[in-house]
Structure formats: structure tokens, C-alpha cells
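What follows is a group of structures, each given as C-alpha cells.
Both complexes shown next keep subunit A, but they swap its partner, so subunit B is in the first and subunit C is in the second.
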Partner chain A sequence: MTAALFALLFIQAIDSTPPRPAPRSIAVDERLAADAGLELGDRVVVASAPGGAGDTVIVAAITRGRADPSEVARADYRVRMHLDELQRLTGYGDRVDRFAVGTTSASATDSALRAINSAAFGFRAHRSRDIAVETSRTFLVVSRFHRAIGVITIVASAIFLLCIMLLKVDERRRDIAALRLLGISKRSIIRSVMIEATLVAVLGSAMGVALGWLASSIINWHYRGVYRTPLAFAVVTPGIVELAVALSLVLGLGAGLAAGRRLVRQPPLDLLTGRHESRRTARAAA
Partner chain B sequence: MTRLLVARDVKRDYHMGGGGGLVHAVRGVSLDVDDGDYLAVVGPSGCGKSTLLNLIGGIDRPSSGSIEISGERVDTMRDADATRFRLLRVGFVFQRFYLMPALTALENVELPLAEAKVARKERVARARELLAYVGLAARLDHRPTQLSGGEQQRVAIARALANRPRLLLADEPTGELDAHTGAEMISLLGQVNGDGTTIVVVTHDEDLARAAKRVVHMRDGVVVDDRRQDGS
Partner chain C sequence: MLFRLVWASLVRHRARTLLAVLGVAVSAAMLLDMVMLSSGMRASFKNLLLSRGFQIRLSPKGTLPFDTDATIGDAAEISARLRTIPDVITVSPVLGGQVYASAGGRTATAVALGVDPAVEGDYEIVTGRSPSTANEFVASDDFFHATGARLGDSVSVAAGFDPQLRAVTGQRTLTLVGRAHFIYMPAGQNSVALPLPTLQAMRGESAHDRVSLFMVRASSNDRVDKVLADIERTVPRVTAVSIETAMQQVDERLSYFRQLAVILGAVSLGVGFLLVTTLVTVSVNERLGEIIVMRAIGVARERVVLQVLLESSAIMLVGALAGLGLGLVTARYLNSILASFPGLPAAIDFFLFEPRDAWVALGLLAVAGVLAGIYPSWRGASLPIAVTLREEAVA
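Up next, the complex of A and B:
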């Protein structure tokens, strides 16, 4: 097979055709095979228009599309067939809109570009790399947008986590006051709060990573089914895991330290009797 | 008999917020307590008895006056020294027990020992011994929520005795207990005193006050009566 065509052709399954000498072969993508119920060895008629005269061919291969984001939302089917047959069916002869030239080295690419651009009027040659960059600009924008959402989420979560941590430690002010009254030093109390905060941060980030992995698996399973592509729509990379754990530790330890220091600075009797609360309320009222 | 506690002309004033002015909680209390004594401080609510106990224990600082325990000035101690002093020299028992809810009875008693850097093996042995002493040998691994009020107070007493303090300070130790459990607690405190620990207890409980060797009555921040139970 020497040519590929985004299926503008119309394929019609046939049950029984009179025997003809050596029918040509085609390859269809798996979405088309699934939708049309085609299997290897099936005979089909390919034509350039519905109901038009066409050629009977044999499905010789079922191909799987590449994990290409630019093709995810495309609904058209892809069929590969012999070039001469394609030319004949479409009636274009040897006219083409675009074609690819394979080169053996970077210097060969440069000379091919120069030669085509100077000699072939009406054509413009580009490096495949440049085309890839150009076509992926949309994805870059989307990716940056996602990153911005991620950063906002992380900042909001960090503030939330900090507040929760402060509240949780504050809830235990009586315990901490009692410890201070019993002669437990400020340093020991801060250390125990920090150890607890570290454990919470590590466990929390581990649970977060597990939850993220589960969510990404569900998202991938769903959208791979919807778009019938092997593309990964959501990934949990080692970098993301490292960032999550590091951020969680820094925030957890920071919040633990802030909350612990805030509490041990209060006289234990005030903590025990809630006098600091009434002072705070009085200050707030003032 | 050795003098354990000497308080001289101790005053404690509080500035109340919101234009409440100055409150004189303790107005010049002088008190001597001998080693091995058992003193009950009684009086109406707000008379300054709990404040006096807090001042003796180094939890609070007097506005003026001096407090010495075993020759050490408590009123001038830095915060860290006062904390260390409370850990090693004084035991506290509170009305509401203040046990750590996440720890077992044994671990609660181990807490002050761990802070005092007692080796693990030794502190477990000491905590077991103390819990057996207060009658809770079978409840070592129970958490506070699995214990009755009386049992929690017993754990609190065991914890207060962990570092072998010479002075035990108790603020309404029977305040949260029913009459029967309160009587058991009074008996336990008598036993602790009998074994050589000096006790200063602040209470409204007449039975507890009767069990003490000496009763100090306070009113409006001053001592109005101080007598031994034998009538002296």
C-alpha cells in the first residue's frame, strides 16, 4: 500500500460478488472496522460517491490510529489503499494537494527544501518539525491554561489547608495547656505538633497521589472510550508526585509550626480557661 | 519538720479588659507549709484559692510578694525554669483531669517521665507501678474515654506523682466525681500523703477538707482562718 486517504470514499459491504481476478487490498482504521462491522478478509466496494461504481477490494489490515491529540476530535475514517487505485477512483489523476518527502539527513532535508521551494511553483515545502510546532500551538495554549488552573487550585488548597491546620491545633488548646501545666516544655510541644503535621502531610499527599492516579485512570478510560484513541488525557507524572509531596510537606510543616508557636506563646492558664478567646473577641469587637 | 513552702505577702491583681478595672484576686497571703503536711484551702467561689494554688505551682506569677518551695524562689523563675520546676518538683491534679485522649492510661503516666528523659524501660516500670498504686493495674491500656471519672482522676494522680514530686497540688480533685467516687479519691489522697507527699488541695468538698491535716479558709483574697484539724 502506498497511499493514504482520509476516507472521502464510500465503502459498501457486499455479500456475494461474482468472482473477479485478484481483488486489490485495503487497510481500514479500527474505528471504521468497528462501526461498519468489518473484519479481515471481508470484501467491500470502494467508490468516490454513494451508490457510484467502484472497485471490490479485500480488507487486508485493520490499523490503529496514533496517539495524536490533533486527531482526537476528528470524526472521519481513514482508509489506506494502493495509489493507482486511489487516483482512478477519485479521478484526480496524479494531482495532489500535499505530499511528504522522506530524507536521510538534516543536510538532505535542507537541500530538498531549497530545491522544492525554488523549482515547484505553487508548492511550499516545510520541515515536519515546523508543522508540528505550528499545529500544536493550540495545545500549548490549552496546556498553559490548565497549568494556570492547577496553580490557582494549589494556592487555594494551600490556604484552606493552612486554615484547617490552624483550627485543628487550636481545637486542642486545652490539651496543650494541660501539657504546659504539667511541665512539658514549649519545644517538646512544638516538636510533637510538627511530627503530627509531618505525618498528616505525608499521608495526605500519598492519599492525594492515589486519588489523582485513580481519577486519571477513570478519565482516561472514559475519554479513550468516547474518542476511541490510545491518548492519555490525564497523567500523574513523577514530577507531579514530587511537587505534591514537597508542597504538602512544606505547607503542613509551616502550618504546624505556625499553629504550635501561636499556642505555646499563650499563657497556659489563658488557654485552659479560654481567656485568650475572650480577649480575641474583645479585640474583634473593638 | 522541714519547711517545704514559704509564701510571703503574696498578691495577685488582674487587669480586666473592657473597662473592668483592677481585680485583686489575692491580697497579701502568707503561708508556711511543712514537708509531709496535708493542707486544704477552702472558701467561697472567687475568693482567690485557685489563684493561690496557681501561684504556688508557678503557673501564674504574683503581682508582689514571694513564694519559695524547697528554698527555690518560684515567683521569679523564668518561664522555662518554671516549666521544668513543674515537671520535676510539683505534681498537679485538676478538676477535669486533662488526660491526653489519644494516649492510654500507661502512656499518660509515662508522659512527664519521657519529658524528664527517663529511659523507656524505667519509665514503663514506674508508670505501671504508679497505676498499680492508684488501683488501676488492670486498666493500663485503656484510653481516657474508656475509663470512668474516678478512674481518670486516679490516672491523673498517678501522672502527677510520676517524677516523685515532694508537693502535690490539687484543684477541686473531687469536683467532677460522685459522692462514692469522691470518697475513694479522698482515701487515695490520704494514702499519697501518708506515703510522704505534701498535699495542698483547693476544694469546696467538706469531706475532702475534713480529711486534710490543716484547713485554710480564704475570703476576698485573704486568709481568714488557718487551723489544724486536731484543733491547734
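Up next, the complex of A and C:
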């Protein structure tokens, strides 16, 4: 079981002359160490008020923050010190903000929760998982926002893909007209268009996955630098790759089918001579 | 004649043109949303901070207002000192805390603000009135719903809970005299405001003559820097935060959304540009015969260039206009998602529409439309007449 107390402290660097014997030790996070130029063994004064009297302590450890999303936008520095010293320094008395309790198993957790809460000393025990759910609400919101943006992107991609497939098939209208005149069935032509669309979708997906991986690497590199955290901001998971490839294939096949069916509906001679377009252009110009 | 030719060219492939317009509309919608996102939250936050006319906030040294539980001691003396600074018009001390309120058998926890009721710096009265005596308070709609209390009711309010005695501490019976809209509070938050001395007394020794922040109103925006300098000199124990400093902090914390807006906006613009470029290039390639015949009978190159540019611009413009409407709808939906951020003031809008945003999006799309037509128009206008005529005839 560990007890924790949080307080706002002020740190002031001093010269290395030891004012008192055996000062206590503290651990500072690496961002503070880097920004304040602190190194292991340095002596600093910690106080609960700026310029106030404090304690001289030794920097005994430099810690690295965990990949905790709830702290990503906070620029606060973290200092870890002995509980009794922080209580004394802040005048907090024999009080703590919370206890962390370790149990041997899931069933032991349940019984510990019941036992602590039934004792009713005026505080309440919570499962770590429940606290994690509560504190991750911010990220659930961000996740919903990303999903909504993703849907808009998929709609735009679908339209783009359909447009490109229409263009590709339109470009080959003379070839297709010739095939039809040679007696190739409509079904075979549609099938060939769909195979082509599938190939385009597969190749595009492969390039998209590579591009996505590259983009996520750049995003992680950039934001890890900005927020000084080991957190991964963008991750390309097998599930995401499967979804993207499946969507791309479905959209590609749908676009191929729509474009192919539209083309085989035209009489082959009109396709060959472009007569249907000329008629439409003439009507519009008139 | 030129516009008729452009129209004829666009309707020749109706499905293709319609898809291109749709694609541009979605891109334009996304672009507008991202332009709104990049500037909206900043403008919205600034409006929020300035809504009550206070340009400066004073918080405990090294902290931002309400960012920690730290408080400022000797509040009365600091308040008096602040009032002596030239150009300071109003000083509003605020103490934050939590209270437990019981009314009609129902109990609710609420965020409490100890304020100077004469200033009303954190809320505006919707019905009723501001507290005029020490035992009166106002509350938010959510508080009314949570407790079932009505205006004029007496409510038992406590400022703490002693776990050892299993009893509330700092209990008072207060009269609910007003329903208020709390400007800086998140949606769904039970909030109350009561006179500062009352809350200080209820919280006991730990809050005696202490406040969480001071809000300061300067005589004009031009005098803010001077007032800031005077405050730093007069009251060195506090951090004075101007609107500009607060905006910098907000920019830092919400930089992710700004960068996301820039990236997605650029991608949207790029997708729209590519779509129109591809479409118009293919369209020109299909019409090489027509274009070259026009050139052969004396139509000027400039006219060919203009026709192709008009085609690309028309697709972009129609798509953009449709996209602006679509963008406003999607912005409202996206805003409703981000508005559920825990702890965010309900008045903050991430997607704040300003006419300037629409003009920026339209302008960018218009430029993209013209740029999209440059390559195909150059290709159409630079073809050698005789060779192309022969090739087309053979084809």
C-alpha cells in the first residue's frame, strides 16, 4: 500500500555548500532537470511558497514520465519526495490525498473494496479501472471527433475513387466498343472493369498503408517532441489496415461496377464514334 | 458564346461533373470546418474571457487561474493595494470551493464561488437577484434541478466533511435568491455563488482572508500593459495573466487542434485541387479534336485558355457553395462532439462561424480552381495545329 500527497512546490537552486547534515533526497522529472539544468547530486531548496523558507534537498534521481495521455497537455513539472517531508513542508499534518492499494487477485480486489467501503471512515475506495475510465473521458471525446472526421474523409475518398474509375473506364470506351462489336459479352466486360478496379484499389491500399505508416511516424516524432512524452499519438494497427483495405476494395469494386454498367448500356457504335456525347453537347450548346 | 461552350462541355459528362462537384463540396465543407476550427476556439475563448470586461486575472504565483487548489493569502490587503493602482477600475476577488447542499431531502455537490455580488464577474442573473446579504446565494439551472430547490427556499449548505466525525463542517442555512448563468462553468455543472466572506467563513481557517484569484478591469485595453507592470511591482506574490497570456496558454494546450485543422484543411484543398485537375485534364484530352479545330478556324489561344479555366473554376465554385452549407452542418455536429470535453466552459465553441472564414475558404478554393485549370488549359492552347489535326483525323 502506498500513500500519496500532491502539492505545489517552488524550487530554487543553491550553491553546493551543505547547510545542514544529511539532506533528504528527491526525484525530479527529466523535463525539469533539462529546463533547470539540474543533475544528480545537485542541492536545491524546495518551498511551499515562492521565496519562502524551505528545505534543502539533494536530487537523487531523474525520472521519465509514463505515457499517460491525461498529462499530455500539461506542462507541470513533477517532483517526488518523501511523504513525511512534503507533509511537514506544506503544513498538511498527518494527511494524504489518496492511498494506492495492491491486492493479490481480482477476487481479493472485490473483497478489499467491500471491506474498505463498509468501514466508512469517510473515504471511498475505487477500482483503478473505474478511475481510468473516468479520467479518460477527454480521450473518448477526441476519439469520437476523429471517428467523425474519418467518416467525412471516407465519403470524400469514395467520391474521388468513383470519379477516377469513371474517367478510367470512359477513356477506354473505344476499346470496349470494339470488344462489344467483336461479340464479347457485357458480363465479361463488366468483370474485366471490376478486376481492373480491384487491382487499382489493392495497389492504392498498399500505397495508402505505407503512406499512413510514414505519416504516423512523422506525427509521433513531432508530437513527442512538442509535448515531451513517450506517448504514441498515431498508431497503424492491423485492425486499421484491415478496415482501410476492406473499405478501399468495397469502394473500388462498387465504383468499377457502376462505371462498367454505365458504359455497356450505351450502343457500341455510339461509343465508338462518340455520337452520344456529340448529341448531348449539341443540345447543351443550343 | 464562351459561357455556352463551357456549359456544353460540363454537361457532356453529367455524372462525371456531378461527382466532381460533390467531391469538391465535401472538400470545401472540410476546409471550411478546419478554417473555423483553427480560429474559432481562440476567438470563442477570447470572447469568453472578455465577456465581463475583465482584462487581467491574478492567480497564485506560478499558476493559472483555477489550475491548482493554491490560493492567495492576505486577500483584503492585496485587494486594497490593487485599487490604488491608477487605471484599475474594478477588482473582483474570487474564492473557489466545493459545497454540499441539502434541500427538501435531496443533497447535491456543487462548485461554489465566493464573489463580490456587486460585481457579478462570473455569472449573470437570469431570474431573481444577486445576493445582497451574507446568507443569500444564487445557483445554476443544474443546481435547481439537482436539489429541486426554488427561489426563496432556505437551503442547508456545508463547505466540508469531517471523515472522523462523519459530519459536515462549515454548515450554514442560506436563502436562494437568484437563478444565474455561470459563464466559465462547464455544461451540467452544479454551481453556486455566494458572498466571499460567507464562503471564507464556511471553509474555516484554511480559507481565512484567502482567494483563488482576482479579476481586474483596467480603464481601457491600451492601459492593460501598464496596469500589468504596476501589479507585478506592487504585488509580487501573484502571477498577473492578461488576455494575451491566457490566449498563449490556450494556444499551447490546444495546439493539437490547430495543427490538425491546418493539416486536414491542406489535405482537403489538395484533394479538391487534384480532383478538378484530373477531371479537366481528361476532359481536355478527350476534346483535343474540337479544341484544335477551334484554333484552326482562328479562335485565339487566350480564349481556349479562358474556356478551360472557366470550366475548372465553375466546378470549384459550385462545389464550394454547396460545401459551405454542408460545412456549417458538419461543423455543428463536430462542435457538439467537442463540447462534451470534461471541464470545458459551456460557452466555448470550437467551430465558431465568422463570415471571414467563409471568404477564406471560398478564396482558397477559387485559387485552387484557377490553378487546377492551368495545366490542362496550357496543354490545350499549346498544341501544334497541323500535327494534332492530322493525328485526330487518323484516330
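One rule holds for everything that comes next: the second predicted complex is superposed on the first by the 230 of 286 C-alpha atoms of A that agree within 3 Å, B and C clash if a C-alpha of one lies under 4 Å from a C-alpha of the other, contacts with A are read in each partner's own complex, and residues count from 1 in each chain.
The criterion applied here is as follows: contacts are C-beta pairs under 8 Å (C-beta built on N, C-alpha and C of every residue); 3 or more make two chains touch, one makes a residue touch a chain.
Treat the numbers as computed from the prediction; the structure is a model and nothing was measured.
By the touch criterion stated above, A:Tyr223 is placed in contact with subunit C alone, subunit B being left untouched. Between subunit B and subunit C, more residues of subunit A are touched by C. By the document's definition of touching, neither partner reaches A:Asp94: not subunit B, not subunit C. By the document's definition of touching, of the two partners only subunit B reaches A:Ser188; subunit C does not. Of the two partner chains placed around the shared chain by superposition, subunit C is the only one that A:Phe123 touches, whereas subunit B remains out of contact.
By the touch criterion defined above, A:Glu39 reaches neither subunit B nor subunit C.
By the touch criterion defined above, A:Phe160 reaches subunit C but does not reach subunit B.
Judged by the document's definition of touching, subunit A residues 282 lie at the interface with subunit B and also at the interface with subunit C.
Here subunit B touches subunit A in the complex through residues 17-18, 54, 57, 59-60, 80, 83-88, 90, 92, 94, 98, 100-101, 111-112, 115, 159-160, going by the rule given at the top. The touching residues of subunit C, counted against subunit A in their complex, run 4-5, 7-9, 11-16, 19-20, 22-23, 26-27, 29-30, 60-63, 68, 70, 161-164, 166, 237, 252-256, 264, 268, 271, 274-275, 278-279, 282, 286, 330, 333-334, 337-338, 340-342.
Of all residues in subunit A, only 174-175, 177-186, 188, 267-269, 278-279, 282 touch subunit B in the complex they form.
Partner subunit C is touched in their complex by these residues of subunit A: 8, 10, 49-50, 73, 75, 120-123, 137-138, 141, 144-145, 148-149, 152-153, 155-156, 159-160, 162-164, 166-167, 170-171, 223, 226, 262, 277, 280-282, 284-285.
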